[in-house]
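Note that the chains are named A, B, C and D in the order they appear, and that numbering of residues resets to 1 at the start of each chain.
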Amino acid sequence: MFGWHWLLEWQTPYEFHGHLIEKVFAEEKTPYQHVTLVEFTRFGKGLIIDGKVQSTLYDEHIYHELLVHPLLLSLPKPPKNVLILGGGEGATLREVLKYKSVEKAVMVDIDEKVIEFAKKYLYEWHQGAFEDKRTSLVITDGLKFINETKDKYDAIILDLTDPIKDSTSYMLYTKEFYEKLRGILNQGGGIVTQATSPSFSLEVYVTIYNTIKEVFKEASASYTYMASFDGLWGFVYGGVRPDLLSEDEVNSRIRERISGQLRFYDDYSHKISFSLPKNIKSEFKKITKVSTEKDPIYVPA
Amino acid sequence: MFGWHWLLEWQTPYEFHGHLIEKVFAEEKTPYQHVTLVEFTRFGKGLIIDGKVQSTLYDEHIYHELLVHPLLLSLPKPPKNVLILGGGEGATLREVLKYKSVEKAVMVDIDEKVIEFAKKYLYEWHQGAFEDKRTSLVITDGLKFINETKDKYDAIILDLTDPIKDSTSYMLYTKEFYEKLRGILNQGGGIVTQATSPSFSLEVYVTIYNTIKEVFKEASASYTYMASFDGLWGFVYGGVRPDLLSEDEVNSRIRERISGQLRFYDDYSHKISFSLPKNIKSEFKKITKVSTEKDPIYVPA
Amino acid sequence: MFGWHWLLEWQTPYEFHGHLIEKVFAEEKTPYQHVTLVEFTRFGKGLIIDGKVQSTLYDEHIYHELLVHPLLLSLPKPPKNVLILGGGEGATLREVLKYKSVEKAVMVDIDEKVIEFAKKYLYEWHQGAFEDKRTSLVITDGLKFINETKDKYDAIILDLTDPIKDSTSYMLYTKEFYEKLRGILNQGGGIVTQATSPSFSLEVYVTIYNTIKEVFKEASASYTYMASFDGLWGFVYGGVRPDLLSEDEVNSRIRERISGQLRFYDDYSHKISFSLPKNIKSEFKKITKVSTEKDPIYVPA
Amino acid sequence: MFGWHWLLEWQTPYEFHGHLIEKVFAEEKTPYQHVTLVEFTRFGKGLIIDGKVQSTLYDEHIYHELLVHPLLLSLPKPPKNVLILGGGEGATLREVLKYKSVEKAVMVDIDEKVIEFAKKYLYEWHQGAFEDKRTSLVITDGLKFINETKDKYDAIILDLTDPIKDSTSYMLYTKEFYEKLRGILNQGGGIVTQATSPSFSLEVYVTIYNTIKEVFKEASASYTYMASFDGLWGFVYGGVRPDLLSEDEVNSRIRERISGQLRFYDDYSHKISFSLPKNIKSEFKKITKVSTEKDPIYVPA
């Protein structure tokens, strides 16, 4: 018997992946996004936003640990104030709150309905992080928040949707935006952004690196295979150099700074994640584009 | 932007139709069936059972009117007692209750959860029919009911799922089963069954006709194009000959027997529905198979 | 084991049908079209043009017979000169040449490569029609031919691709074009055009009828279920009234005018094909649009 | 405009990937396999065998270099006699022939038609390797060849189709088969096999490792991301330990042993390919199954 209920996830107009859906738990069309919580046959519970697998219980820990920990561990001092843009599921927040030093974690999301959805349905993701006393939730546009905030941060984490042309997050991958972030970072601080897929949008991945490198001088790029994203996924860090951490440093800093368990990230995974495959690494020499407001990079819708 | 949430309905292992889904309203896995109420982009609200479009607001009236009215109008006398097997949405019941003469409409469905689902979510289908005083709802296996009932009926309507191999309705398309139905029909009574698709399972359609013809002597077959079923759909009537009704008779009997509106069925639609296309009609001469318990007909899963 | 080699035919952006392909026999990208001859699991040999099932051996005879014969039989006199625009497979030509009276059949196609493809690979379709002495093949743009021809015709048959926006055939469904055709018809002559699908583009079907009715005064519309087109298909005739032919007239004229066999078309199929279902017929009262060069009707790409 | 000509590659019954096809160049149903050479929009020229992307010009070099070189470079002495089972495209042969020491490369394939197909259409893959004087081509069943050969080999390369249940290669992943290979290896020799996907059939990958480890004592496993296979791909080496080669050794042996260019494989790619991700590595401790003729491992069809 053939499966009938499918997510067809289009990576490009000439490629898509079919994921069988067992059941739809909840669905909501917010003013900004179409959010659906389903049970996938392969990955278990998964969140779909606007037709893209946003994260699944199968491997969300890989994504969120690799987003957060290389940044926070490579900061010269344990972070106290951390700013998160996006990350509606609450899993990025969950990882940030594992740092004993964190006193304040500010999470900014444009979509109140998504946060409500997460609180109601995504406990396995946030695990109560929204209720943590250190958490401060702000519902507003990320760009607006950055323009208006008076605070400074030790770390800024950009857990945004892909820079689809004319989407809400489109301008949050540009040089001008990163310059604003630099302006609200404390001395020694750093940023990280998810950086799309080296498999499906390699030029975007490299351009994000180039842009962050231009603004922050120090930059590095990691990647991992995400089964639920159907390919490799990338991250770019600025202001710090996690790629230069030795394995011993990774280990000792995990011990010193983190309380609670990590499932994927350790010295070994760190090393692998910063060792880009040859065919990807070679593109860093060829692609020189920097994303600007005038000429922003984007992925095909 | 490409659609991402799809029903892929497999008609055969070498063919399927993709229907875009806007939203899932409700979903339930009962002990017997997987029932999902969705909004289709093309057809509006639709009910999916086990991966098949069961009915949609776009054209359910065509299906249910053509199932019910040729039978009930061709009975020599207006029906008083009508038995429905299946038809969980309540739309078949709705059509039956339009007959002024009907005193009792017994609806038998194996799946209590489907009825609850219908009552809760499918008002546009049943339009309150479950609450009608003449309605009597029995939750049991159709075959068991037929074996045990002491009553006789003027008309029996089989609104069953397709005879998929080893499914619950598999044996309800056989000669032996129709013989039991004949035993509980009043003098002058008749039956009708949905008879699968002349487009995708022509042999099954003709075999159902042959089987009913063998048991009831009088039989006729109708068909119509059902957009939401992605092809032609068929019905077979036994014990009566609706195909012999003149247009005038159809009209006068509609006036005499029915209270309430019909949307599809009238003298003209009647005539068209009983005029089988030449390529289908020619198969009636070639296919002689009769479905029996030992050698039942079925559609591929 | 699941099939892997598929034609996904998009009827609309929210619907598609998957047809399993057994084998690709020949494929050519001409300057105008992408033509592929395949073996379908369900339909046998089939021709795909630009992603649409153009015709298959399973049911091309239904399409081509219903296109040609109602027109040529309803002409007051047997036709001598017939003009065909499009119809690259040669099957329309094949049907025209069955008329004993035909002295000249002019076929105009814009795409020389498609004709070569047909001659080489599609014998089952044209059955040698291109070699018939009465056949005259002209490779040019249909509109250009109509503007320049000095001849007059008893019948004009438009076997064109659908009026997809900005496609080559887009303007060949407008009032202005039909007026040109009227200008090169002999007294008593008539035209026919394929008229897209009443299932997927009902408004286009009715608008073509309205447009032809406005230009030719006399018009009628037929339809049939085409399994390989995954729905109903329509035709519109102008200048003649095939719908008014009695069954006896159909029969006697077939005997008088045609030499060779018909597989689908006869008095009975004629009657059915001109009996539009109620839900389609009712649209003829509601839709009043006429297609003009300024405001042409089209189907979504 | 949506694409219409698709390969739907089923990785499991609940997952598939759609690759758009631009054109079919050649297609042949041999007694053993269905082979199709196409142009993919994303990957360029690609070979499909029985519905699976076998290899594409986009990344076949990654697969074939990682299959061949870790084995041949980790042999204590440069190889003279190399046996290849499978590898019909000729690309594995192409890599083997880059070794200056190779005197004889015996390639055994069951499917003569596939070899003819490769010679005729796949020059970009084999690049003339079939014509090399050192090449010896034997058309026979791999198991039969192994049972009957009197020769011994320095290296045996298994470039087989996946162990689909009851397929031709099904038994060529068992302990008993590997024992036969051990019997025809020269002192110091080694083997390698493609080992399916750690993404889609992780248990098979680990079981192949376990089985080779049991027979050869020395074993190691590598992997890489193959975009055209839509996930990670694995290889297992036996009798040698390429994972223990230092980066310097890789480099110096490439210089000494290989003539011609490598595109993917070098010291850096070597290191990455043998660094299994944590979530894969952890399975090696949990899965203890060994594949035997009585209880063979297989991937779902």
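Here is the rule we go by: contacts are C-beta pairs under 8 Å (C-beta built on N, C-alpha and C of every residue); 3 or more make two chains touch, one makes a residue touch a chain.
These figures come from a predicted structure and were not determined experimentally.
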{"item": "Chain centre separation in whole Å, for chain D relative to chain C (CA means)", "value": "52"}
{"item": "Centre-to-centre distance between chain C and chain B (centres being mean Cα positions), rounded to whole Å", "value": "35"}
{"item": "Gap in Å, rounded to a whole number, between the CA centres of chain C and chain A", "value": "55"}
{"item": "Residue numbers of chain D (touch at least two other chains)", "value": "2-3, 8, 13, 16"}
{"item": "Arrangement of touching chains [line / ring / star / complete / other]", "value": "ring"}
{"item": "Listing of all chain pairs that touch each other, if any do", "value": "A-B, A-D, B-C, C-D"}
{"item": "Chain B to chain A touching residues, read off their complex", "value": "1-10, 13, 16, 23-24, 27, 29, 36, 48, 50-52, 301"}
{"item": "Residues of chain A defined as touching chain D within the complex", "value": "2-3, 8, 12-20, 41-42, 59, 62, 199, 224-225, 227, 230-232, 264, 266, 268-269, 271-272, 275, 277-279"}
